[in-house]
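These are the structures in question, set out in turn.
Shared between the two complexes below is chain A, which has chain B as its partner in the first and chain C in the second.
On to the complex of A and B.
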C-alpha cells in the first residue's frame, strides 16, 4: 500500500537544493495548467521529458505511475470528444466526434503528462523529511508541514493496526463474505482503527511535550544554495518563459 | 546546604474514577543518585505515577516539587520535562518523526541547540547506545526492539538529570537486553525503572519500591530472595 519506489539517489538533479526543485516544479505546474495552445503544451512536454531523462528515475516505477495517471485521461478521451458539441469530424452512430473535444482532450493529456514528468523528476526523489523541512523553509504554514510529517509517519502504523485487527478476526474464524454481518464486522474494525488513531494522536502529543516541545517547528536540515542551484533555476525559468511566450503569441513563431 | 531532591511528591491523591482510588496520600522523594526499581502487578498505577511526576496528569490533591520548588505553570512543567526524561511503554508513540536522526535530534532542538550541534549530539547518543548506522533509517521500518532502543536514545540525547523508564526491556532479545543492562549500569543518571523482569531490575537498581493500597512502599533487595512474593 505504501511503497516508495522513487526514493533513491539520482545524480545531478538530486544534488540541486530541494527548495529550488520544489519551487521550479510548482511554477511549472501552475504555468502548464494555464496554457491554452497545443504548440506551447508540446514544448512543455519536451522540456519536462528532458528533465525526466536527466533525473533517470526507476523506469518500471515511473511507467506504473504514468499509467495510473493516464487511465484517468483515457476516460476523458472517451467522454469529452463525444459530448463537447461544435463542428463534428466524424459520427459514431448517434454521437458526433467534435473537433473542439479532440483538441481539448489532447491538450489535457499533454499538460497532465508534462506536469507528472516534472514532479517525478524533481519532487519524487526528495525524502519526506527533507520535503517537509524544505516546505517549512519556504514559509509553508507549520501546521500543514506537521500534518505531512505525521501523516507519513503514522499511515504505516494505522495500516499495521488494520492488518492486526484483520488477522485477529481471521484467526478466530472470520471469513469475509458479501453479507450484512461481514459489513458490520468490518465497520467495527474500521471504527476501532479510528478510535485507536485518535487516542494515539493524544499520546503522541504528550510524547512531544515530554521532550520539551512548545509549538515551534525546528529541524536539523541545513540548506545551502549554491551557484548550480541558481543556474538550474535560471535555465528552468528560461524554459518556462519560452513556453508561456509560445502560448501567448502562437502565430509569431510560425514565421 | 542539602541539595533538594530532583522530584518530590507531597501528599498526592489521584484516581481516574471515583470507585477506584489509585493513590492516597503519596509522599516520595527522588534524589540525584537514586536508582530505583519499581515493580507491581498490572494496573496498580505504575505508569500513572510517572505521568503524575511529569505533569501529563495533575493530582487531585498534593503537589509536585522540582528541585524544591512547587511546579505550577506550564513553563515550569516544560523545564521539569526537559530535566526528567520519560521513556514511554510504547515506542511507536515516542517516535513520531520520519527518520531516526530527526527523532533523536528533536529533543536537543527543543532545548535550543543549533541544528548542527543537535545533529552531532544525536549521532553521539546513537553511538553510545550502539545504534550507529540506524540514523538514516525510516522509523517505521525499525523492528520492535530497535524502536525501543531508539526511543531511549531520543530521550538520552536531551542529557536529562533523571530518567523514568517504563518497561524498557519489553520486546528486547537477550542480547539487546544485556546491552541495555551494560549501558544503564554505566549511566550515572538517576532513574526509576518499571519492569516485570526481576533479574533485569536487580541488576540495574540499588533500591526497590512497589505500590500497595495506594501507597508507595520501599522494599529491600533480599525481599526478592525470599520465595513467596506478595504476588
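On to the complex of A and C.
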C-alpha cells in the first residue's frame, strides 16, 4: 500500500541537494497555481515534462500516480463545460457545452499535471527522513518535523496491525456489506487500532526518554550546497521567469 | 475529496494556508514533547484509517475520520491532519503542496469546532456521548465538504455547479462517518477512556 516506487537512484536530478529541489518544486507549484493564461500553462507543462524526462522515474508507477491525480480533473471535465453557461459551442441533449467551461477545464488540467510532473521529478524521489531533515534546515518548526518523522515511521506498523485485525475478522466470517453491523465491526476495529496506537505512543516515548532524547534529532545526512545546485536553481528560476512573463504579457508573444 | 493542485484561485489558496498555519501554530504551542509522540502515532493511525474502504451500496467510500481525530486530539488535530496530508502528498501525490493549507484547514477546522461544541455531550457518557460522537463525525465531514465546495465556488463562478455536486456526494459519507465515529468512540470509552482525556 505505502510502497515508494520513486525511490531509486537516478543520475543528475537526484544528486541535486534535496533542499534546492524542495524550494524549486514549491516555487514552481505556487507560480503555476497562480497562472491564468493557456500559453503560460502550456509552457509550464513543457518545462515540467522536461524535468520529468530528466528524472526518469519508473514509468508504470508514474502513470498510475498521474491517473489518480487526474480523477478530480476528470470530474471537472464532466461537470464544468456542461454547467458553466456562456457561449456554447455544441449541444449535448439538454446541455450546452460552454466555451469558457472547456477553457477553464483545460487550464486546470494543464496546471495540475504540470505541478504533478515537477513533484514526481523533484520531490517524490526524496526519502521521508531526508525530506524531514531538509525541511528542518529550511526552518520548518522542529515539532512538525518530529511529527512527520514519527507518523511516517508508524504508518507501516499500524497498517500491519489493521491488516492483522481485518484478517482475524474475515477468518471469523466477517463479510463487509452496507449495513449497521458492518460499520459497527469496522468501527470497533478502528477503535482498537487507535487504542493500541495510544498505548504504543506511551511506550515509545518512555523508551526514548530512557535513551536520553531531548527533543532534537541528529541527522547523518550531509547537506552541502554545491555549484550544480546553484546552476540547477538558476536554470529553474529562468524557466519559471519565462512562464510568469508569458502569463503577464500573453499578447506580446503572439508576434 | 481532495482538491487537486491548479484548481483554486491564488487568493483562496493563500487565505486558507494562513488559516491552516494559525491552527497548526496553536496546536503545536499546546503540545509539549511528552505528548507529541501520541499525536504523531495517532496521525499515522488517521492516515491508515483514511485508507480503509467501507461498502456503500454497490460501491465503496473511504473513511475520512477527521471528526474522530478531533474528539481525541482537540487543537492538536491541526498538526496531525497536516502531517497526514503531507505524507499522502509525498507518498501518493494526493493533494499537493499548494493545496496542503486548503485541505488541512477544510478538514481540521470543522473537526476542532465540533470537538469544542459537543464536548459537554461527549463528557457526559452513555447515550449523550454516543449522540455527541455521531454529530462530531457527521458534522466534521459535512463541514469539510462544505468548506471544500465553498473554496471551489469562490475560486471561479464556473465551478459553482461542480461544487454543489461535490457537497451532495458528501451526504452519504456523512451518515457513515457519524456511525463509525459513534461506535468507535463508544468502544474507546469502554476499553480505554483515558484516551479522551488527552485533549482536556
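Keep in mind that, in the parts below, the second predicted complex is superposed on the first by the 239 of 255 C-alpha atoms of A that agree within 3 Å, B and C clash if a C-alpha of one lies under 4 Å from a C-alpha of the other, contacts with A are read in each partner's own complex, and residues count from 1 in each chain.
One rule holds for everything that comes next: a residue touches a chain if its C-beta (ideal position, glycine included) is under 8 Å from a C-beta of that chain, and two chains touch if they have at least 3 such contacts.
Quick caveat, the model's predicted, so the values are computed rather than measured.
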{"item": "Touching partner for A:152 - first (chain B), second (chain C), both, neither", "value": "both"}
{"item": "Touching partner for A:200 - first (chain B), second (chain C), both, neither", "value": "both"}
{"item": "Contacts of A:218 with chain B and chain C, given as first, second, both or neither", "value": "first"}
{"item": "First (chain B), second (chain C), both or neither touched by A:208", "value": "both"}
{"item": "Contacts of A:104 with chain B and chain C, given as first, second, both or neither", "value": "second"}
{"item": "If touched residues of chain A are counted for chain B and for chain C, the larger one", "value": "C"}
{"item": "Touching partner for A:129 - first (chain B), second (chain C), both, neither", "value": "first"}
{"item": "Chain B and chain C footprints on chain A, overlapping residues", "value": "128, 149-150, 152-154, 157, 200, 204, 208"}
{"item": "Chain A residues within the chain B interface of the complex", "value": "127-129, 132, 149-150, 152-154, 156-157, 200, 203-204, 206-214, 218-222"}
{"item": "Chain A partner contacts - residues on chain C that touch it in the complex", "value": "1-8, 10, 13, 24, 28, 31, 33-34, 36-45, 47-49, 51-52, 54-57, 63, 65, 68, 72, 79-80, 82-84, 86-87, 89-94, 96-98, 156-162, 165-166, 176, 179-185, 187-188, 191-192, 195, 198"}
{"item": "Interface residues, chain B side, partner chain A - complex", "value": "54, 56, 78, 81-82, 85-86, 88, 90, 92-99, 101-102, 105-107, 109-111, 115-116, 118-119, 122, 139-140, 154-155, 158"}
{"item": "List of chain A residues in touch with chain C within their complex", "value": "1-2, 4, 25-26, 29-30, 32-34, 65, 68-70, 72-73, 75-76, 79-80, 83-84, 98, 100-101, 104, 108, 110-116, 119-120, 123-124, 126, 128, 131, 141, 143-144, 146-155, 157-159, 162, 176-178, 180, 182-184, 186-188, 190-195, 197-202, 204-205, 208, 215"}
